[in-house]
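In what follows, chain A forms one complex with chain B and a second complex with chain C.
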Partner chain A sequence: MGKLFRLFFKRSNWALPYVIFLVIFVVLPLLLVILYAFQDAEGNFTLQNFVHFVNQPEVTHTFVYSVIIAVITTAICLLLGYPAAYIMSRMQSKSAVIVIMLFILPMWINMLIRTMATVTLFDFMQMPLGQGALIFGMVYNYLPFMIYPIYNTLQKMDHSLIEAAQDLGATPRQVFSRVIFPLSMPGVVSGIMMVLLPTISTFALAEMLTLNKIRLFGTIIQENINNTMWNYGAALSLIMLVIIGLTSIFTYRDKHDDINDAGLI
Partner chain B sequence: MVKSNYIIELTNISKSFGDKVVLDDVSLSVKKGEFITILGPSGCGKTTLLRLLAGFNTASEGEIRIGGEVMTDIPPHKRPVNTVFQRYALFPNYNVFDNIAFGLKLRGVERKQIESRVKRALKMVGMTDYEHRDVNSLSGGQQQRVAIARAIVNQPQVLLLDEPLAALDLKMRKDMQMELKEMHRSLGITFVYVTHDQEEALTLSDTIVVMSEGKIQQIGTPTDIYNEPCNSFVADFIGESNILNAIMVRDRLVRLMGKEFECVDEGFGQETPVDVVIRPEDIYIISQTSSAMFTGTVRSCTFKGVHYEMFVDTPDGYEIMIQDYNPFEVGQQVGMIVKPSDIHVMRKERICNTFEGVMVDPTHVEMLGGKFECAPVQEVQAGEKVCVEIDFGSVELTDDAEDGTVEGSIRFILYKGDRYHLTVRTEEGDNIYVDTHDVWEDLDEVGIKIAPQNIRIKPLK
Partner chain C sequence: MIGKIFSRGYLLLLLAMLYAPIVVIAVFSFTEAKVLGNWTGFSTGIYESLFSGKNVLIMRSIENTLIIAVAAAAIATLLGTIAAIGIYNMRHRQRRIISFVNNIPMLNPDIITGVSLFILFVFMGVTQGYTTVTLAHVTFCTPYVVLSVMPRLMQMNPNIYEAALDLGATPFQALRRVIMPEIRSGMISGFILSFTLSIDDFAVTYFTKGSIGLETISTQIYADSRKGGLSPEWRALSTIIFLAVLLLLLIINYRSMKHTHAKHSAVRSK
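Our next item is the complex of A and B:
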């Protein structure tokens, strides 16, 4: 009894449920994806899946196209989101909260339902679905993820830095380009990550907003897995994972350097 | 236009944020090359004054001239001044060199010249060879040095310093004070320095401006301000002091603590109530009581490093602070002597509370945002405006704010040796002055009551 009691109250044991959860739902599936990607249908080791990807121009093109669409979406989100975040950071905190709420409010509704509404809206306005509708839908869905981190860094910025720049002779435009924008970079980077990464792997939005006319990389993975082409689907997933992983590592390393500079040297 | 030798001229400057008046009709002229310190407790408006000079805020009323030119509405980047901020405000995305070169680059100064000027500025603040360091890796003192270098490298006409040493530890602060003074001498530019530390102000300045409640209380040299404070606020704020109520009997004779003392002040009239300041180091304390000017019993004696600080109770119930190199035992009977020139007489700002009120009916007057009962008044009609007088001693304060006729909070406490003189701000924003023996704390919420017979009603002049 006493032993069990002690076991329960040892702080480190409280992490156990989470560890079990992570192993079952994150680590094992990831290992399975890697395992499947290097196997053929009979379970023998092979690199054929990857060769197949490179030799199928249709799939590689889709991959490049998906990345381009994701980059365009991210760029539009940044162009729309930065000014919004900047304006909100300048507002009195009470009214800023209301505006942020208005931006976040649509996210309380499921993304698929929102997208169905977008489709209806396009129909109502007699606008064709397709690439334009796809980019519109993705920007609409992911804009809050861009605004919020940028707003956060801008809002936390020490106002005396802006005053110091003015004091040293900077015009309002120079204050922005030399102080405010460089200092908001951490927010911009996390905003880009939050938008770029999920948009690369989107498939449901593409299906609905283009009536399945445009296929994204996510769509191809989904089709393969639906058609029980487990191994090829796993290989494509792995390729995407590696790309996303590399992007994250690069951005993370940049930030990490900043932290090092700030604290250690 | 006649070019004046004043570098800064403020005329009738007022500034309010919403309803709150932060600066109330401030006028100030600063000579070229002067080290001027604006001194006051927090919330007195000193930082706002500096921000008006820098251009971060604009004055609600009045005119600001810098270097002879009107700057009232000129944005900060076009003013010939630079600021050293309290929390340094260095740009974390630039290294030391780029921080200091920031202003020069904006003005398009040549690369080579920038380099030599930055080097010179760094040398001036004792930070040679720190150019390539990250600003976040520097200590507080080093960051403040860089901040000073960043400001002086632009060769401004005026350097504004907003409590630049407040965030540093005592030892570092003392060193930096000396360096700032040296820097002021060698640069020859005007320094406007804001602080709440009276010792710092006395050490550094050519001129001190004492501020309180958005108004300038006194302008003068450090010795003037210390030796000749113009009112009890200044006397209390600068250094330690005994402030006592007294009566000026006639020229050169003042009555305090029930005894008459010779002094050197004249021109106050006869039998006039005044405030008297005696610095604790100006009172001689001796063990004989026969030859003393007044006597008392030592209540406490504390060693303060250089001197002993003693509190002596006099037979009339006054408490006097004395600083002396020799300690006296607690409980000992002692005698005190003060030189006539060390008794400093100040005109009282007021001898009783005076308000404007409106009669509601013959036994009630409305003032300070409340309805007070008063002794019946004839020959005044209801609705008529009247002048109301209340002695300091007849205002009663209650612990529970709701027990009072009106509510208020304590804003300033002045110890007068035998009583406290409080400034209480009512909810309507009026000040009522109260004499009391009870101990209250700053910002205590209190109720204000006045007995009907103590309210004197006079026709409005």
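Our next item is the complex of A and C:
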């Protein structure tokens, strides 16, 4: 009993419940996805799921299409969001806080409700639902995720660097392209990640905004899981996971810094 | 000056785009037409029918959403806070490993979290329902609790806990009287964040809700829109949710402004 007591009061052991939880609900599920992806319905090892993926032009086509749509959405968000973040970073801090609040506020509303609102807006303006509505809806949903990190880095930027560049004779354009933009890259990168990752994997948005006319990769995963094609669904999830993992590796450095900021390491 | 007007105009335009759909919904929640865009005269009929609870599906989905959000946020806050204290007292290497795994649910797209948990529950042969949805929500909420409690622990003077022990407090008392007050704000923001994440979730809920007919607001909207035609009550509900969120954010912001203001004046008076 005394030993148990001491074990309990060693505070580094307090993380134990959470460690067990993480193993069961985070690590094990991902391992199971990998296991299921390499099995057939009877549980034998197979590569059939991946062969199936490559041999189905419809699925590979959807995959490429989803990535393209996600990249277009991210690019539009960046083009629209960067100037907004830049303008806000130049505002007086009091009004900037209000504007940033206004941008974040819609994010607190359920995404399905926001998407429903987008659908009704298109109906109201008598515009057809389809690819255009899909991209608008995704930009509408994820634009704040782009603005916020960029605004943060711009805001924290050391203004004496800008002044130094000006003193050394840089034109306003040079100041932006040589000083401000490079320094805001961490914000741009995390903004891109925060928009790209969810847009690649979305499925409900696409179904609602295109009346099921356009299917994204997420839709196909969902259909397979729903139709008890678990192994194929797991294989498709694994493919998505690999793509996302590869994208994350490029930006790992920055994530690492974010974590440092949050003080976990 | 022109630049200023131009930049203000640009921000206004973006905000107009963000708010247009919500405004359309709010305006048309005051008319009874089934199809949106038909104005059949001002009426509060939709609100009356929402509050009368005639639409059982909507009422039940609101109830489920709130129950699951409160349960998941409470469990996540408890689990995450205890974990944060533990991680804080760990050695560097262990910390790194845990923080890496802690990041996975935050970086994983919803659909991957959903599918992987679905496969876990299938593998374990668990019937999916309230419990599995709540556990799934705890999975993606707890990392945020850990991340909001951790900075508070870092800011804390590590000696005050030892001081409390030296002055004769039991470890429990020291935890309750010394550590808890220091990290309370982190716990509260972790709870609020978890609550909103849980309410907002669609994909993870969708994959873990099973086939017992459990629907939250998100999955119910999805199911309705698949059947074609959302019932008009959703317009009233969305408007109410929007106003509630607006009010909540105003209160939080007002409080934090007062808080920082008080801090600043305290610093100044020193």
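One rule holds in what follows: the second predicted complex is superposed on the first by the 247 of 265 C-alpha atoms of A that agree within 3 Å, B and C clash if a C-alpha of one lies under 4 Å from a C-alpha of the other, contacts with A are read in each partner's own complex, and residues count from 1 in each chain.
As a working rule, a residue touches a chain if its C-beta (ideal position, glycine included) is under 8 Å from a C-beta of that chain, and two chains touch if they have at least 3 such contacts.
Because the structure is predicted, anything quoted here is derived from the model rather than measured.
**Student:** Touch test for A:182: chain B only (first), chain C only (second), both, or neither?
**Tutor:** first
**Student:** Touching A:171, do we find chain B (first), chain C (second), both, or neither?
**Tutor:** A:171 contacts chain B only, not chain C.
**Student:** Just checking: does A:203 make contact with chain B only, chain C only, both, or neither of them? Give me first, second, both or neither.
**Tutor:** second
**Student:** Which partner does A:163 reach: the first (chain B), the second (chain C), both, or neither?
**Tutor:** In the superposition, A:163 contacts chain B only.
**Student:** Given the superposition on chain A, which partner contacts more residues in chain A: chain B or chain C?
**Tutor:** With both complexes superposed on chain A, more residues of chain A are touched by C.
**Student:** Quick check on the superposed pair: does A:120 touch chain B, chain C, both, or neither? Answer first, second, both or neither.
**Tutor:** second
**Student:** Find the residues of chain A that appear in the contact set with chain B and again in the contact set with chain C.
**Tutor:** 262-263, 265
**Student:** Write out the stretch or stretches of chain B touching chain A in their complex.
**Tutor:** Where chain B meets chain A, its residues are 54-56, 75-78, 81-83, 85, 87, 89-93, 102-103, 106-107, 134, 136-137, 150-151, 154.
**Student:** Per the contact definition, I'd like the list of chain C residues that touch chain A in the complex.
**Tutor:** Going by the criterion above, the answer is residues 7-8, 10-11, 14-15, 17-22, 24-25, 28, 36-37, 79-80, 82-83, 85-92, 94-96, 98-99, 101-105, 107-113, 115-120, 122-123, 135-136, 138-139, 142, 146-147, 150-151, 154, 171, 196, 199-200, 202-203, 206-207, 217-218, 221-222, 225-226, 230, 234-235, 238, 241-242, 245-246, 249, 253.
**Student:** Show me the residue ranges of chain A that touch chain C in the complex, using the header's touch definition.
**Tutor:** Chain A reaches chain C through residues 9, 11-19, 21-22, 24-30, 32-33, 36, 80, 83-84, 87-88, 90, 97, 99, 101-103, 105-106, 108-114, 116-121, 123-124, 126, 140, 143-144, 197-198, 200-204, 207-208, 212, 218, 221-222, 225, 230, 233-234, 237, 240-241, 244, 248, 255, 259, 262-265.
**Student:** Which residues of chain A touch chain B once you look at their complex with the stated criterion?
**Tutor:** Counting only chain A, the residues touching chain B are 158, 160-161, 163-171, 174, 178-179, 182-183, 261-263, 265.
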